[in-house]
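Lettered A, B, C and D in written order, each chain numbered from 1.
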């Protein structure tokens, strides 16, 4: 059986990579693109065309479904569009695979309840990189035993925000398993302000920004006489594709909506 | 309630550290030392003395138990002594906490059966470093998803064996969760022999030996566009103490014998 | 004064990046392309065109010079073409900036003598990445004092050769400053063949190949109680551009030909 | 010829290591200890004794010299004692080898002038670890070309001060070769205060403190598409011994006083 997939955001950089990855998967097919423009056009090798060749583009989910209901809606658009797309997909019995970190707790709850009632599988994942998700998961697992933690995140110098969203999320996941406590020497003196980094419940977070860097994170966990370091390097957005394929295969089997790729990794 | 602990190997370097760590634990007490000599002597601040001051030394478990049965036998001696000590401890209803990698599968099975029949808790652990054990566990968990793996282990240049026991154990744990396959380019050419390291089911293992180094291991797991690295640095044998204390607390509660500290970490 | 540059290999990936970088430099201009085909065509925004718009393409250096002698010939072609191009450039009084590792010692000597006689500046550089060249230079400087060295090089798994050219070059540079000697324990035992890596005069070289990796090298130098690590990560071929611009500015001033970018870095 | 060495601070931990290292050197001998107490005693295998066996202890340099003028005074005491000891040594024609970071610029100048006038060789070194000194030197050399720099220093959590003295010194050495400039995104936003670390002329400095850690520093230098990392790990105070021996051999040859081990490394 082939899993049929409609993609919202197929023209973007992530979407383009996803079209290729899904088309290359043995058991999947991209059957439609959902867009805010280019109705009645086609997406062919990454280009929009009028020729009836390639993936048909629709500007509404209704018209898309009218031509054939897909099994999956993969949504790679921005947070503004995502909620409505997902809501509609669930209403129509299409399983959503959503890549965004922008939904509110309230929105996630609403969608989860809808999915549970209709027994429709789905996933919302802020991060589809399996390596990044494992790194966060392992950091939280380890922090139960090695409770002194510092997070280093390193990015190119075009990044505006510090710390990174992944570092914040990692700190929050660790927060859930360890008690807040002051780290370092009790009488610590910061001769140069900021040297000890940002403080989150005693954990320290350090943001490095340099030209040349891509996206890297290292979590250091110290114990008596030992150090455990969990590092993830993200070199290319291709790293999100295996997680997307895994998510598509997973939601076909399940009857509820999960938040976070970590919940479908054992 | 105080947990009473007898220690075999209390005069060694690891044993000396264990005496201190257990004595400092709020709920534990070192009540006796089991040794192959110094019967009727005492261990006081790391020195053997005739004065009746400190920890009494016994050369047989019978005479030790005659003066008061301890809850736990912590055995830090060599593989030759360990099996008999543990066997005897189980016979007498003392819970064994054993630090060795030298027992055979057959010996471990025999002891496990004894413990199960008598419902006595116990643990045999080749490595009591929580960080090292977590690093191995995480590596095996990750290798299910990121199946191309290389192991780097780095030690001081006084180490004779390559690869290290920990690297071998790590490779074996990964072997259980991933299918063997050739890594690297299919037509790979090794212009300098050995450059690509040792091969274990396709995994590559590299042993670095340099003056200055202590004991370090890094497992690299590569995926499309990303890298996950799990590193453990062991700086001091004090790193084994938290694992020993955790094991003592754990075996008091359980009614069987487990092999490997990873099995009492969630 | 503007430095005029002709480029051989301008249509390649490195050449395309070089055209952009040189065009953006305040004191430089790309005036011509030397190619084995497309005579009388033009290179315009990376595309070959018949329109007289962009950089004129020539298939011989004579015809190129006939239309105006450039100050510099930047040659980014393969080793086969490079020697003749450089020889001719020197004959015509054009300063060569050559990016290749493929010339023989004999060829380099011939070109150096020509340049010295005519007092023409030039450079042949196997690697234009300033970071990579500094990393090699520092490794060799440090190996005079910390004489136990292991080289780790890490590349994507599409690379056929092990070790990498950079690792070989690094080992050779270190060879010149330290005496060969056996490293590690004198009675070292390799239980898994290849674990200790390739041996080059006692130095060990380890080649890691994983999907996801780009191009990385780490030189570890161990001493009593300490470790010095010099690492270079190459994420993008843009990293070669600053070195090319530096080389162009440098050869304008000099009256001989040097081999290796390290010789124009202080 | 044997170089005769008197040691101030011979009973301390560093001094004890130095006595061993110098005694083991083929061309050196420890002939006396300078101390603030234990006059007429002897230092024998690290213990103070009345027996005339081992290294004689003196409480004044005059009485020490009266029994035989040493070639070298190695001073490993605190900054308070060091200036007077060195001043006196120079007056008496003894070559000083001084390990402290506590002297003022004025004091260093005074001693340098004295040494220059009398043509006596000497060295004052805040750090005798060859690896650490090379790491600082290389960082400064590289920062001329890769001008965006972040310094990470990592220490055990018993350290009170942040950043470390070595990090401050490294930043100052880099300051001398690069122009101050703002790094990172011009509109950078620190959502968690301190995340971007301490700022020193645009360079960022991050101090990590964790149990388990010893003393580590990593300097990251970023350029277009590349990263150069220079890391030093200090595992044991034995790492200072090769630098002390090198300094002793060097000052015998020279006729002036230098500040910093880097000045006797090529």
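Basically, contacts are C-beta pairs under 8 Å (C-beta built on N, C-alpha and C of every residue); 3 or more make two chains touch, one makes a residue touch a chain.
Every value quoted in this text rests on a predicted model; they were computed, and no experiment measured them.
Using the average of C-alpha coordinates as each chain's centre, B ends up farthest from chain C. Overlaying chain A onto chain D using CA atoms gives a rotation of 180 degrees, to the nearest 5. Inter-chain spacing, taken between the CA centroids of chain B and chain C, is 49 Å.
If you average the Cα atoms of chain A and of chain C, the two centres end up 39 Å apart.
Work out the mean CA point of chain C and of chain D, and you get 38 Å between them.
Residues of chain C found to touch two or more other chains are 212-213, 221, 223-227, 233, 235-236, 239. Against chain D, the residues of chain C that register as touching in their complex are 129-132, 134-135, 138, 141-142, 144-146, 221, 223-242, 265-266.
Here chain A touches chain C in the complex through residues 212-214, 233, 235-236, 239, going by the rule given at the top.
Those residues of chain D that touch chain A in the complex are listed here as 148, 150, 152, 154, 157-163, 168, 183-185, 187-200, 204-213, 220-227.
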